[in-house]
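Next, two complexes with subunit A in common: one pairs it with subunit B, the other with subunit C.
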Partner chain A sequence: MTLVLEAAVLGVLTGGVYALMASGLTLIFGVMRIINVGHGALVVLGAYLSFAASRSLHIDPFLTLVITMPVMFLLGMVLQIVFIRPLKTDREALSVLVTYALALGIEGLLGYFFTANYTQLQAWYDTASFPIGSFRITYVYVFGFALCLAILAVMFLVLYRTTFGASIRATMLNRTAAQLIGIDVDRVSAVAFGIGMATAAAGGVVFGITTAFNPGSHYDLISRLLTIIVLGGLGSLRGAIVAALIMLVSEDITAVLISPVWANFVFFVILVGVLLIRPQGLYGVRVRDRL
Partner chain B sequence: MRLLRQANNLKVSGIVVLFAIALALPAISPDPATTNIAVFTMMYIGLATAWNIMGGYTGYISLGHAGFFGFGSYTLGLLLAHLGIKAGYTPFLFVPLAGLATAVLALAIGWFALRTRAATFVIVTIAFMFMLQLLAENLVGLTGGGGGLSFPVPPWGGDYFNTPYYYAMLALATLGLAISWRIRRSKFGLGLLAIRDDEDKALAVGVPTRAFKLTAFVVSATLVGMIGGVYGYYVTYIYPQFVVDPLIGISMVLMVFLGGLGTISGPVLGALILEPAQLWLAYNFGASRLYLVMYAAVFLGVILLLPRGIVPSLVELVERWRARTGPSASAPSKAVAP
Partner chain C sequence: MGAFLELVGVRAGYGGGDILQGLDLSVEEGSLTCIVGPNGAGKSTVLRVVSGLLRPTAGTVQFRGESLAGRSPRAILGRGIVQVPQERSLFPTMTVWENVRLGAFTVHDRSLVAKRMAAVCETFPIVAERRHEPAASLSGGQQKIVEFARALMLDPSLLILDEPSMGLDPKTRSLVFNTVRDMNKAGRTLLLVEQNARSGLGIATHGVVMETGRVRLQGPGQEVLDNPEIGRLYLGATA
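For the complex of A and B:
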């Protein structure tokens, strides 16, 4: 029983990181109606940038976010303008291919610069732990969870308390109508992609401290992130967060009760079950001709 | 009218000549390096054609076809192992069985996945692919898990080794093209195109959309499964990440997009261009990871410069030229497929 409880706590803590990464992905979908298959590669890119920065500047991995988040934000805007904006027809399908190509390109470049060997970000708290009741929790999970909560809170504040956030939400609701009332949809899209990438950078740091990664790690990551946002309902931030928690908790409990090799599988089973009843996902809106 | 018949004759003779070249290829150039490229190119002609039956005609983009490819591969390998089939020509006879098994799987997956549309469908197919990969890895007792699965190695030697596989791939590609052509000219095919254009309207005018989509999905997956079977026998050793490879799934999609989505000749053209290019890049730059970067660059170039594909762009060009010259020209139509 304690094992299950421990797994559940750990699941919630790591779930926070996935919630952050998935909300970037679902935000991008909501604003642009594109599936960013490259999101996993962007997270891995963020992890490598932090790796390089903390190595060369000798600073704490979390501190590198001060550099990597703005860098990734700008890079995201550039990528959106160069590769996503030119897609006029058949956006959904073509965007999958374009972002997949971006993922391959990033994987190739990272492999060229950092080799295909596994690395991991290092900090004093990556293995140090503290006791809670009968089990111990590694500091990094708590720090990571707190970081992700903070960033998610900022994201929600921007989205729901600022004018620019209102224009992002308007674009998510109805792109054409948003354009009609004078919202610069192209600018909103670029910024949304930038925000998505900045959150990927933050997720990448936590991912990089808790997991050994290499340039090919993005496949595993993206398959998880995509299933999370489908379970939550495409374009729903709340859905992404809830689904991320469901995924990680169910995975960790399965790992304890059955076997770690079946951990991923259980989430797929949950996904199939939910989609059978609600094809639009937990919080998705059923728009007949869209989803 | 005469002009039209002439054009038709030209088309038929063109197809006959191309097919004759394809048949004679191993005799023209028996060197294994060439026939190896030919086997893979023919494989991708089949895969792209099969994918197009679902993705091109109905507009439902499946990124999970690599799952069916790997499933067919594993099915054939396990059949051969458990029935104790000796290497040689007999394994090819079991390829349709692998296809049948894939059809059953596709029926189950399609029944579920086709409840969703557009973006959700894309992601659900990806999820199923990773699920199959995970199963192949975890069901160690059945598949051998990460240790992989070996096929019997045929006794053929030297220049001849690739030839039977080449003809097997050619047969499957031809079958795929024949089915694709037949569907394109049938009422069923019209229904599929109607689904692509506007699914709700298609349903409203009486197209049984669910049954049609599912049929197209199963036909497409079955072909892919059979090709996967032959591939497994060709490479003689498979493991989960190698046959359920997202890159295989995305390659067939890219070829269809390059050639022309929903056309019959487009997937063939796309495969003829991209697969040799891909093999060349892998051969020359495979050691450094830059191979991936170059592939990505080709990929991005194709989509950003030719979003509609080569064949539709050409057709449009010819029609514009016809419309300008001579009154005999037919009215420019918006038809996509030649």
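For the complex of A and C:
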């Protein structure tokens, strides 16, 4: 029983990190109706940027976010303007190709600069742990969870309490109607891509401290993130958060109850079950007809 | 003399050939101009060109003597042209109040927004009555009225309505038509597209008949309605 509880707690803590990474992905989908297959590579890029910054400046990996989040935000706006904005027709299909190319490009560059060897971000809290009841929890999971929670909170505040946030939500809900009330959807799209990348940077740090990674780590990551946002409902932030928690908690519990080999299986049973009943995902809305 | 809104020789499409094939159209200030025509004639496409959602490949679009060609939807909005599109366009999960408030997204003067909000609530009481409810919870007709309210937040000098009566029951439809006519009587210039040609032309001061991307006939509303050839071609089937 303790084992199950421990697995559940760990699942929630790591689920928070996936929730953040998946939120960025689902936000980008919601605003632009594109599947950003490069999102995993952006998380890995974030991890490498933090790795380089903490090495060269001798600072704590979490502290590097002060640099990497703004950098990734700006880079995201540039990438959106250069690669996504020109796609005027057949955006859904083309964007998959373009962002996949982006992922391969990033993987190549990272391989060139950092080699294909595995690395990991280092900090005092990456193995140190504290007792809670009858088991111990490593600090990094708690710090990572707190960080992701804080960033998600800020994201929700911006989205629901500011005029700019309202323009992002409006663009997600109905692009044409948003344009007709004077919202600059191109600008909203660029900023949303920037926000998505900034959250990828934050997710990347936690990912990089808890996991050994190399430039090819994005393949596994993106497949997990995509299943999360499909379960949650494309374009739903709430859905991304809930689905991430379901994924990580179910995997961790299955791993201790049955076997780690079956960890993914139970999640996929849940996924298929939900999609059979609600094809649009937990919180998704059926994609409306476009103009 | 240039008209209020004037389109000359406009060609536009969606990448697979021109839908508008040299369209000439003018809207006079203070008029209620109604465009009728069969499905797929390009009526909505004309409106998209005027609102800047679609760029014409040829021709000119002038509003009060100034060219609108190549301007962004936002810039066109800034010149006082507001469109309520054919599809439902309220943001479904936002409240009625948020939706109407967003109509003045481009207005930064808070007191002006409050003033317009009050005026709009007076014209359309439903905005205040249902303010906290999500837009999706309203009926189709109520949503249309709230869309009008949202559009009026900019106090537009030209209000464009694309088939506002679509999908409504007869009673709600006449409510919508009355609202449209009242807005025109209050001095607002309206450009209306209507499937139901008889009702549309019935309240219009000017009528325009479109067919396959061109204007077939235009003139005073009643005259177009009474034109025997047009009546036989378009109105019989849709009335």
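Going forward, the second predicted complex is superposed on the first by the 286 of 291 C-alpha atoms of A that agree within 3 Å, B and C clash if a C-alpha of one lies under 4 Å from a C-alpha of the other, contacts with A are read in each partner's own complex, and residues count from 1 in each chain.
Operating definition for what follows: a contact is a pair of C-beta atoms (placed from the backbone, for glycine too) under 8 Å apart; a residue touches a chain by one contact, two chains touch by 3 or more.
Only a predicted model underlies this, so the values are computations on that prediction, with no experimental measurement involved.
> Assess the superposed three-chain arrangement around subunit A: do subunit B and subunit C clash, or do they fit?
After superposition on subunit A, subunit B vs subunit C: fit, no clash.
> In the overlay, answer first, second, both or neither for which of subunit B and subunit C A:166 touches.
It touches subunit C, and subunit B stays clear.
> Could you look at A:272 and tell me whether it touches subunit B, subunit C, both or neither (first, second, both, neither)?
Only subunit B is touched by A:272; subunit C is not.
> Mind checking the angle subunit B, subunit A, subunit C on Cα centres after superposing, to the nearest 10 degrees?
About 80 degrees, rounded to the nearest 10.
> Quick check on the superposed pair: does A:94 touch subunit B, subunit C, both, or neither? Answer first, second, both or neither.
The answer is first: A:94 touches subunit B but not subunit C.
> Going by the contact rule set out at the top, does A:174 touch subunit B (first), subunit C (second), both, or neither?
Second partner only, subunit C.
> Please indicate which partner A:52 is in contact with in the superposed arrangement: first for subunit B, second for subunit C, both, or neither.
Neither partner.
> Once the structures are superposed on A, label A:226 by its partner contacts, choosing first (subunit B), second (subunit C), both or neither.
first
> Which partner reaches more residues of subunit A, subunit B or subunit C?
Looking at subunit B versus subunit C, the one contacting more residues of subunit A is B.
> Looking at the overlay, what does A:183 touch: subunit B (first), subunit C (second), both, or neither?
The answer is second: A:183 touches subunit C but not subunit B.
> A:112 in the overlay: touching subunit B, subunit C, both, or neither? Say first, second, both or neither.
Touch partner of A:112: subunit B, not subunit C.
> Subunit B to subunit C: minimum CA distance in the overlay, Å?
7
> Following superposition on chain A, which residues of subunit A contact subunit B and also contact subunit C?
The answer is residues 89, 289, 291 of subunit A.
> Which residues of subunit C touch subunit A in their complex?
Residue positions touching the partner: 15, 48, 51, 53, 72-74, 77-78, 82-85, 87, 89-94, 98, 102-103, 105-106, 150.
> Could you list, by residue number, the parts of subunit A that touch subunit B in their complex?
29, 33, 35, 83, 86-90, 92-94, 96-98, 100-102, 104-105, 107-112, 116, 215, 219, 223, 226-227, 229-230, 234, 261-262, 264-265, 268, 271-272, 275-276, 279-281, 288-291
> Which residues of subunit B touch subunit A once you look at their complex with the stated criterion?
59, 61, 63, 112, 115-120, 122-124, 126-127, 130-131, 134-135, 137-138, 198-200, 246, 250, 253-254, 257, 288-297, 299-300, 303-304, 307-308
> Quick one: in the complex, what on subunit A touches subunit C?
89, 163, 166-167, 169-170, 173-174, 176-177, 179-184, 285, 289, 291
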